[in-house]
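Shared between the two complexes below is chain A, which pairs with chain B and chain C, respectively.
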Partner chain A sequence: MADYIKFVDVTKCDGCRACMVACKNWNDLPAEPEEFTGSIQSHNTLTANTWNVITYDEQVTANGNFEWLFRHKSCHHCGEAFCEKACPETAISHTKFGSVVVDADKCVGCGYCVNNCQFGVIQLATYVDKKGKEYRKAQKCDLCTGRLEEGLRPACVTSCHTNCLVYDDKDKVLAEAEKRLAKIKERFPNANIYNPSGIKGTTTVYLLADKPTVYGLPEDPKVALSQIVWKDYAQPLGKMMLGATTMAVIGAAISTAINKGKGEHEGGQDHE
Partner chain B sequence: MSNGKTPKTIKRFNKGFIIAHWVNAGAFFTLYISALPMYTEFFDWLYPVFGGPAGARLIHRIAAVAFMLPLFIMIIFDFKGFKNWMKNIFSWKKHDLMFFPQFLREFFGLKAKVPKQDFFNAGEKVNSWLMIVTTLMLISSGLVMWFPAFFPSVVVWWAYPIHNIGLGLAVAVAVGHIYMSLVTARPSMRGITKGDVTEEYAKDHHGRWYDELQEEKQQRKQA
Partner chain C sequence: MDFTRRQFLKLSGAVAATIAVVELGFDDKKARAKSKDFKIAELKPTSTICPYCSVGCGILVYSKDNDVIYSEGDPDHPINEGTLCSKGTTVRQVYTSEKRITKPMYRAPGSNKWKEVDWDWALDKVAQNIKETRDRTFVHKENGVIVNRTDAIAYLGGAALDNEECHLLHKLFRAGLGLTYIEHQARI
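Right, the complex of A and B next:
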């Protein structure tokens, strides 16, 4: 199977928010009305029940005109995902589509992923069970993996009327992205393709009109050293150490018992 | 040796010290048990015991607060004992270093000639230091994980591995500590429960402390 990716060409976005509605609709997510805060942007940021948001960054252009930078903000589906590494329950995993998904049955709502996502995407949703007890589950965009399995494109992509959102063959899309980038360089000199290699690329690739930091994205995200130390060394070592200490104690108990038997013949050397 | 008479005892720990020790132990154990199901999937069956992950989290936080108390309990209720502890663990002399090779022999049940030790022997001093370091690691990283909103993200990211490493070390220390108190130096249990130990134990395990006490006694008699 050829690799497919979701591609977001923000320079084609007109901020219609159809993708937001399509996402809520398909994933059956509740509406989350927010107070007006002086911006035309509908929601402040992503939440556990709002998996994509179009951000409206206001900018003044070189010749003094006003301009909006739109961005369909959603999960990047990192090649090497912080949330997946952080999860102590191995509830987060990659699918064959390259999407990063949460297994709700395994998730215990600890929030480790929330604090480790460098994009601030994954969040905890609170639910109430039949007994009225509250519980939490991590939630975020799953790239409509259920739709992909049926040969459909993600809901947001189908709703996009400007072709800003595309879901297609990776090589084809990236080649077209390069062409598009060359074309818009004149108007957006800082334009770039955002597909960070430090996290082994992403399954949602962006063509940004300005530097990543302008959109609040890390310039060059990398798998944090803290995560490498934690998941690749500390955790296996810690488990080993628990085993080693237990073995040392058992060994000591056995050899003490054996030697004590001998010691008694020699006149007793114990400290009791 | 006791010569068959009822063994004489010596005061070792005050109430404040004893309470601080057991609050620490109880909180540590509760924290450990309530975190285990998250640490390895092997212990997932513990979740229902705590009424689900949310219950485990709540208990972990209550125990976390208790875990921060012992230092204050000690300082408020047994400052003298606390000062003695501090003085001891900062003092490293030849008899402390000589302790370890002999201790290893004793630990595995061989004949050993351990040099006379302070109020806290060298092993207890090492235990104290490891405990202080791991406790600081666990508490500081735990607070960051509890209140991530107040810390920059780099600090939050590091809190997780530090909490994890702190746990691994602390459990190793605790297992060793518990094993030794139950098996190798059983009479010491009386010291941390009732507060006194037999004279014989003091002489055998903490010779330098015992000598000091005898000296003090002599001086009092002379005075």
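Right, the complex of A and C next:
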């Protein structure tokens, strides 16, 4: 299967917010009305029940005009994901589509992923169980993995009427992105393709109209080495040692029992 | 409970093996998060037209029993080709919203409360009021010219009306009742 990616050309976005509603509609997420804070942006940032939001950044251009920069802010689905590396329960994993998904059954709501995501994407949602006890689960965009499995595009992409959001063959999309970048350079001299190599690329690639920092994105995100060591080496080793210990204990128990058994046959002692 | 030595060994071996697999996490890397049930798998979409603006986008509505499960732009519709705006995307809530009004509501003159009424009563009331108002305010002649109009009633149309509906409404309200204030929602 060819690699597919979601591509966001922010210069085509007209800020209609259909992607936000489509996401809520498909994923059955509750509305989260927020107070007016002086900006037309509907939500301050992503939350556990708002998996994508259009950010509206207004800035003054070189010739004194105002310019409004829209960005469909959502999970980047990093090739090397901060959240996945931070998760102590292995609840976060990559699918064959390159999407990073949270397994709600495994998630214990510790929030390590929330603290580690450099993009501020993943968040904890609070639920109440039948006994009235509160519990938390990490929630974020899953690139509509359920739809991808059925051969459909993500809900946000289907709703987009300006083709700002595209879900298509990676090579094709990236080649078109380069062409588009060359085309818009005159109007947006700082335009760039945001697909950070420090995190082994992302499954949601952006064509930004200005520097990443203008949109509040890290210039060159990178998963800390300590985190990689912890997740990929220390944790499996720890689990292995725990497994080895368990097996040693059980093995010892078995051999003891066997040895005991030998004596018991004749002696008729109590089994214990 | 009596175990033979063989049984005991078998059991212990099985337990150890299970624990080994679980604890060592052999399948950790391959473990895939269970994706949610595909909610529209068994459902047949019904096509409809967006009720909001005059563009008239096509929408597919996925319903189950007495509930709307999902709605999205109709990819086969020539106008929107599967896309929708933020308002059209919310069309599911026209049906599912708790705020939806399902009965005609009446607020009497001077009252600050709405009350539920029957359709028959509401339609009669509208007809009576139109008749009474028109009769009271009808102008036959003005400055020697026959005008046959009333300025006391206004009509407000919607963007989803098509040409033929607009034609019929004009016939009824302008030619039939003599209204001059005929407006359209999109112009206000």
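Methods note: the second predicted complex is superposed on the first by the 230 of 272 C-alpha atoms of A that agree within 3 Å, B and C clash if a C-alpha of one lies under 4 Å from a C-alpha of the other, contacts with A are read in each partner's own complex, and residues count from 1 in each chain.
In this text, a residue touches a chain if its C-beta (ideal position, glycine included) is under 8 Å from a C-beta of that chain, and two chains touch if they have at least 3 such contacts.
Bear in mind that the values here come from a model prediction, so they are computed numbers and not experimental data.
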First, second, both or neither for A:Arg136, with chain B first and chain C second: first
Partner chain(s) touched by A:Gly109 [first = chain B, second = chain C, both, neither]: first
Which of chain B and chain C A:Ala224 touches, first, second, both or neither: first
Contacts of A:Ile258 with chain B and chain C, given as first, second, both or neither: both
Touching partner for A:Ala175 - first (chain B), second (chain C), both, neither: neither
Which superposed partner A:Val21 touches (first chain B, second chain C, both, neither): second
Which of chain B and chain C A:Gly238 touches, first, second, both or neither: first
Which of chain B and chain C A:Thr90 touches, first, second, both or neither: both
Common ground on chain A, meaning residues reached by chain C in one complex and by chain B in the other: 90, 239, 242, 246, 251, 253, 257-258
Of chain B, residues touching chain A in the complex: 38-41, 47, 52-54, 57, 106-112, 145, 148, 153-154, 156-158, 160-161, 164-165, 167-169, 171-172, 175-176, 179, 183-187, 201, 204-205
Touching residues (chain side chain A, partner chain B) in the complex: 86, 88-90, 108-110, 112, 115-116, 118, 133-136, 224, 226-227, 229-230, 234-235, 237-239, 241-242, 244-246, 248-249, 251-253, 255-260, 263, 266, 269, 271-272
Chain A contact footprint on chain C (complex, rising order): 5, 8-9, 12, 15-16, 19-20, 23-25, 28, 31-39, 41, 70-73, 75, 80, 82-86, 88-90, 92
Chain A - residues contacting chain C, complex: 16-18, 20-22, 25-26, 28, 90-93, 95-96, 101-106, 142, 145-147, 149-150, 155, 158-161, 236, 239-240, 242-243, 246-247, 250-251, 253-254, 257-258, 261
